[in-house]
C-alpha cells in the first residue's frame, strides 16, 4: 500500500454503521467475527482411515451440512479404522428468529409466599405431590432439588412450602408404584425426573408411565410434569405430560405451574378433589 | 426386567456382527458410539440474547444443517447481544467414500538420494529454485522448513540437495520482486508460501503473482508451486499453480514434484532451459 | 491416623460378627457357580438362581447350596451342571433327594471346589505372566469407560482407547442391572447408559483386550462392577474370566441403591474374598458421596469410608496392594483456591494409604454442556493427579454432562491426560507444600474430622450409624431396602461353604 | 544477575552514542504530529509525511522538522496545521521560506510543545483518575486481542471480552502495516489478520472501552503496536488517545521485520521517551524468538534480550513499572517435564524483574487445529502464570492455529483463565521449589548462559552481534533492511527537537 492508497474504506467516524450491531432478526446467521459470516465449528469421527481422501470426505460432509469454504483444520487417526476431524466453515443457513416461539410451562414465576397465598385462597387445602425418579433411573439430585426442603442454588424445594404435602419416592421407582402411591394419597400432581437418555430410555420410561396412569384411570385427575437435563416443555407435551422442565429449573417454576394449572382446571370444572 | 426376560438380544458369541466393524463405504456417516449414528458436535454464536427462543433458534439451525435430534447442550450469553451454543445431533448426511478422489501433487515421494540421482541423469545440471513468502505475509517458518538446510522434523530442506540451487527471498516479498529474481537467475521453479488467510488475502496475493508472472511472460517456463496451512493441491491448481502443498509437507514432497514435472515437460518438449 | 484405623477396625469387627453368622441367596448362587453351574433354562432364567431358589423355598438354604448340590450329585450320579439343568427342567427337586453321607458330600465338594480355585489361580498366574511379558503403563494408570450398551461396539471403542494410551478399560453396566437379583446371560447388545455385565461379555472383552495388548505391547486391565444384588456372583465371573479390577464397595449398594444393608454386608464379604484371591484390585465408591454431598464439607466422610473399606477388605483377605480406595475431584470451580483443597485431599489419601493403588475420580457434577471448559476442568484434575501420584486415574470426559463417551471423547481425554502427565511427570517431586499453609492445614483438619466421625460410628455401630444418615446424608434402615429376603441365618455348624477356607487360606500362603 | 545488567548497560550505552547523533524521518513526523499536524491531503497522504519529505528532499532535515515548521509559522503567520495543509496543496515549500530568528523559532516551538505535552499529561492523569474511580482487575491481567480487520466489529468483540472479564484489549494490526512508512488515516474496516492502527481507530476503541469499563466497574486498558517504520508517530497517537500499553521492542523490527537497525534504534529511543512520559506500559517482543527458535535451547537469548530492553527503556525514561518484558510458554508438549522448564523460566523472569509487569505469552507454535487439546495447552499456560505471578497474561486461544479469534474463542479462553486463576489463586504461595531440583537448576543454567551471551555482545557491540545472527538465528546488516534512507545524522547543535527535554525532564520531576 502506498501512502496515496487509503488503508481500508474511509468512514465518517460519527456514523456508526448500524448493520454491524443490529442483525436482521428475520435472517439470523452464526457470527464469528463479522456479522453474517456464518462461522460454525464442527467435530465428528468418520469410520475411515486418515488421509487425503478422509479429509476430503469430511469436507464434503460439511458441505452437505451447508457449510461454505469448509476447512478441515484437524484430522487425526484415532484408530486404524476411525478418523477424527475438526472443521470450520460458513453456514449458508439462517433462521427467522422473529417468528420463533418457544412455549414455556410458566410465564411469570411466583414467589414462594405468593404460591402459598394462592393455594390458601384458591384451594383452601394443601396440595399433594408425588415425586419420583422412575424405572431404571437413579439420578435423584434433580428431583430432590425440586422437592427437598433444602432445594437448589438457594431456592428452597416444595417441601418448604406450606401449601404442599410432598411424597418423594426416590430413585428407580417402577411406574406402577408411582401410580399406586398417587392413588393412595389422592395426589394432585405427579412430578417425574428422567436423566439417563441413552438409546432414548427416558422416552420409553415416560411413555410407559402415562400408559399406566391412563390404565389406572387417574391421568386426567392429576397434573403430570416431568423434568431433566434433556427435557423441555414441548417434548413433555408431545409425550402426554402437562409440562416439562429443563436445566436450571427451580421449585418455584414448577410450583407456579401446578397451582396455575389446578386453578384453571378448578375454574373450568375439571378439578374434583376435596380438602 | 425379570429373570425370564433376556438382557438384550441373545447373540451367538462366535458370530461377530460384521456390520459393526465394516461400514458401508458408499454411505459413510459420522460415528459416535454406534455405527451410522451420525453423531456430530457443533458450536457457534448467534447474534441474539440467550433464552428459550435463542435455544430454539440454535436447534432449528442445527436441524437445517441436517441434524436429527439436535440437542442444545450448552447455551451461554457471552454478551447482551450474543449467545454461544454447543449442539450435538445426528447427521442425516453421508458421503460416498468409495468414489472420493483427492488428487495429490505427488504419488510416491522420492528419497533425497533418488531426487539428486534423477536430476543428475535427467537434467545433468542443478535446478534453480526461487522461494518466498509473498506480499504482506511474514510467516517464513513454513517456506524455511522446505528450503533451508535444516529442514523440518528431521527432513532436510532443498538447500541440502546437491541438485538444487536455492534462492530463499524471505518474508513479505512483493510479487514483482519474485518475478525479477526468477528472471535474473533463470529459475526452474518458484515456491511460494502463504499463511495468513484472513479475508482471503492469500487468494488475492496468489492470484496477483500469477498475473505478474504471466505479464513477464515467464509463467509457462517455470514450475510454480505454493504451500501453507490452508493450501491443498486442488485449490492451488484452481489458482493457476502447478501444485499445492498443505500441512505436514516436507522438502521431499516438493522436490519429487519439481523433478517429475520438469522431466515430463522435457519429454513433451515444453522445457527449454540449458545447464 | 492410628485413631482412625483403630476405630474403623472396631466398626468392622462388630459388623463382621453379623456377617459371619449369615449367608445370602447371592452368596449361594456364587457358590453354585463356583461349583460349576452356568447357563440358563429355556425361559432364560439363570440356573444358579433356579437351584438356589428351589432350596430357599424349602427353607433349607441355611445349610448352604453346596450341601444340596453335592447331595444331588451323589444321589443321581450326574455332574453339577447336569443336575442344575434337571432342576431347571423341573425334573429334580434338590431337597427331596435322599440324604447322602456328610463325609462324602464334603469330599465331593472339596474336589469340585479345588478345581475351580485352581482355575482362578491359573487366571491369576496368567495375568502375572502377561504383565511380565508385556509390561504395563506408568502410574497413574489411564482408566476409561466404554458404555455403548452393545458389547461389540464396546470392543471397538475399547481397542481404540488402548491404542490411544488407555491402561484400564471399564465396561460400564446398564442402568438398573445392580437391582437385578440375577446375572443376565450371553452376549448383549442393548443396554442403557452401559452394557450388561454377563460372563460372555466379560469373555468377549477380555479376548479383545488381550489382542490389542499384544499389539501395543502393554497389558491392559479390564474392569467391571462387582456391586448390586449379585456382588458375589460377579466376583466369580470376574475371577474366572480374568478381570483385573472390580468396582466393589462395602456400603455403596446400601446408600446409593437402597439395597438392604444386611444383604450388602454379607455379600461384600464373600465377594471380596474372591476378588482378593483372584488378584483383582477392588475400587471403592467413596467418590459417589461427592456427587450428592458438598466436597468441601463432606471430605472427611470420604476418608472415614475409606478407612472402613480398608478394614472390610483386610478381613476378607484383600491385601493393601489391591485396595483401590476411591476419592474424587469434585470441588466447585467457583471456590477461590478450591484446587488447593483438592490437592490437600489427594495428597492426604496418598499418604495415609501408601501401598494402595488409589482410584481418583474426575470432576463430574460440575461438568456442564460446555465441552471446551470441560477439557480445562479435566486438565486440572490431571494436574492434581500427577502432582500427588495417584494410582488409578479415571479420565474425565469433556462430554460428561451430555452422553456416555463417544470414540472421539475418549481420544480427546486420553490426549489431555497424556500431555499433562508427560509435561509434568516429576512436578510432584519438585514441589514442597509450605509448612502450616492452607494445604497442610486443610489435610490436618480433614483427618481430625474423620477420626471424630469414625469414633462416633464405632460407638453407635455401623448399621445404626447408617440408619442415622451418617453417609451421604442418606438414612437406610436395617430392615429396609431391596434384597432382605435373600439374607439367611446360617445353620451354624451345619452350614457348609467349601470356598471360604480355600480363599482365605490362599491368602495366608 | 548483576553481571547481566552490567553487560546490558554497557551494550546500550555504546548504542546510545549512535542513537543520540541521529534522527529519522519517522521521529520528525512524530515531532510534526506533536506540534499539531494531523490529517491527509486530497490523495490521502498524511500531512506529517508531506512536510517531512519536503524538507528531507532538500537535504535539510538534519536541523529537525520543528525548526522548519516554526520558521514557516512565523514566516506565514498561520497555524502549523494550516501550514501543513498548504504544503500538501503544493502552495508552500518550507525550506524556501525566509529564515526567522532562531530565538523566536524556539519560543514558538516551546509554546506548541508545552501544549501537547500538557495534553499528554492530562491523558495520563485521566487514566490515573479512572483507575482510582473504577479500580482494575487483579494481576495477572487478562489480555486478549481483537483482530477482525474492521474497527467496528473490533468494538463489538472488545466489549464482549470485557464483559467476560478481560482487563486489557489489544487491537492487532493488519499484516503489512509495520512496513508502511506512514500511518494510515481515519476509521478503517478492511484489514488482514488485524485492523490498521490509525488515530481515529484508537479513538473509537478508547471510547468504547471507557464505556464498557463504566458498565463493569473496572478500568480497561487499550493496547496497540508501537512498532515498525512508524514507531515514534504511533507513540504520539497512543499518548494523545490514552492508550495504556504498547508493543514496543528495541530490536523486534530489525530481526522480525528486516527494518534497518540504525533506523530502529533511533526510532525506539524517541518512541520510548513518549511512552515513558505518557505512563504507557511497553511490551517487549522476546516471545517472538521462540516462534522460530527452540524454547529450551534459546531460553537464555530471551533473558538476554530482556536485559537489553530494560536498559534501553531506562535510558529513554521508562520506569521499571512500565516495562512489560516479554516471554512465552513455548516448549514442545512432547518434552517430558517440559512444564518444569516453563515454570523455571517464568519464575526466573519474575524474580529478576520484580517491579516489571511481566508480559507472558501463551503457547502458539505448538497449537494445532485440535481446538480441544488447545484448551488444555492454554490451561497449563494459565497454571504456570498464576503459580509464578506474572503481570500481563496474554490469553491463548483454542483456535490459534486456525484464525484470528472469533467472539466465542475469546469467551472460552477467558473462562478458562478465570477458572484456573480462581481455583489456584494462592497456589504459588503454598509451594516451594525443591533446593537443587530440576527447576532451580534450570533457572541457574539459563541465567548463566544469558550472562555469557551478554558479555560476548558487549564485547562485539550490539550492531555487530545482530549482524552475526546472535538473536533469533537471524543476521541483519547495519546497512540492510528497510528504512535506512530515513536515517539522518543530526546537524549537531543546529538540530532542534523541543520534546526530548520535555519528556526526559518530566520523568525527573
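Note that the chains take the letters A, B, C and D in the order they are written out, and that residue 1 is the start of every chain.
Rule of thumb we're sticking to: a contact is a pair of C-beta atoms (placed from the backbone, for glycine too) under 8 Å apart; a residue touches a chain by one contact, two chains touch by 3 or more.
Model, not experiment: these values are computed from the prediction.
Distance from chain D peaks, on a Cα-centroid basis, for C.
If you compare B-D with A-D, the chain pair joined by more contacting C-beta pairs is A-D. Chain A and chain C have Cα centroids separated by 35 Å.
Inter-chain centre distance (chain B to chain C, centres taken as mean C-alpha positions): 49 Å. Shared interface positions of chain A, defined as residues touching 2 or more other chains, are 21, 31-32, 35, 39, 41, 43-45, 71, 76, 81-82. Under the contact definition stated at the top, the residues of chain D that touch 2 or more other chains are 147, 149, 156, 174, 176, 190-191, 370-372, 401, 403-404, 406-408. With chains as nodes and touching pairs as edges, the resulting graph is complete, every pair of chains being joined.
On chain C, the positions that touch chain D within their shared complex are 331, 333-340, 370-373, 375-380, 383, 398, 412, 415-416, 419-420, 422-427, 429-434, 437-439.
Chain contact summary for the complex, chain B toward chain C: residues 1, 3-13, 16-17, 20-21, 31-35, 39, 41, 43, 71-76, 86, 88.
Taken together, the chain A residues at the contact with chain C in this complex read 43-45, 76, 78-82, 84, 135-138, 140-141, 170-172, 196-199, 201, 229.
Of all residues in chain C, those touching chain A in their complex are 147, 149, 156, 159-160, 163-164, 174-176, 179, 190-193, 256-258, 291-292, 365, 401, 403-404, 406-408, 411. On chain D, the positions that touch chain A within their shared complex are 43-46, 49, 147-150, 152-153, 156-157, 174, 176-177, 180-182, 184-191, 196, 198, 200, 203-204, 368-372, 399, 401-408.
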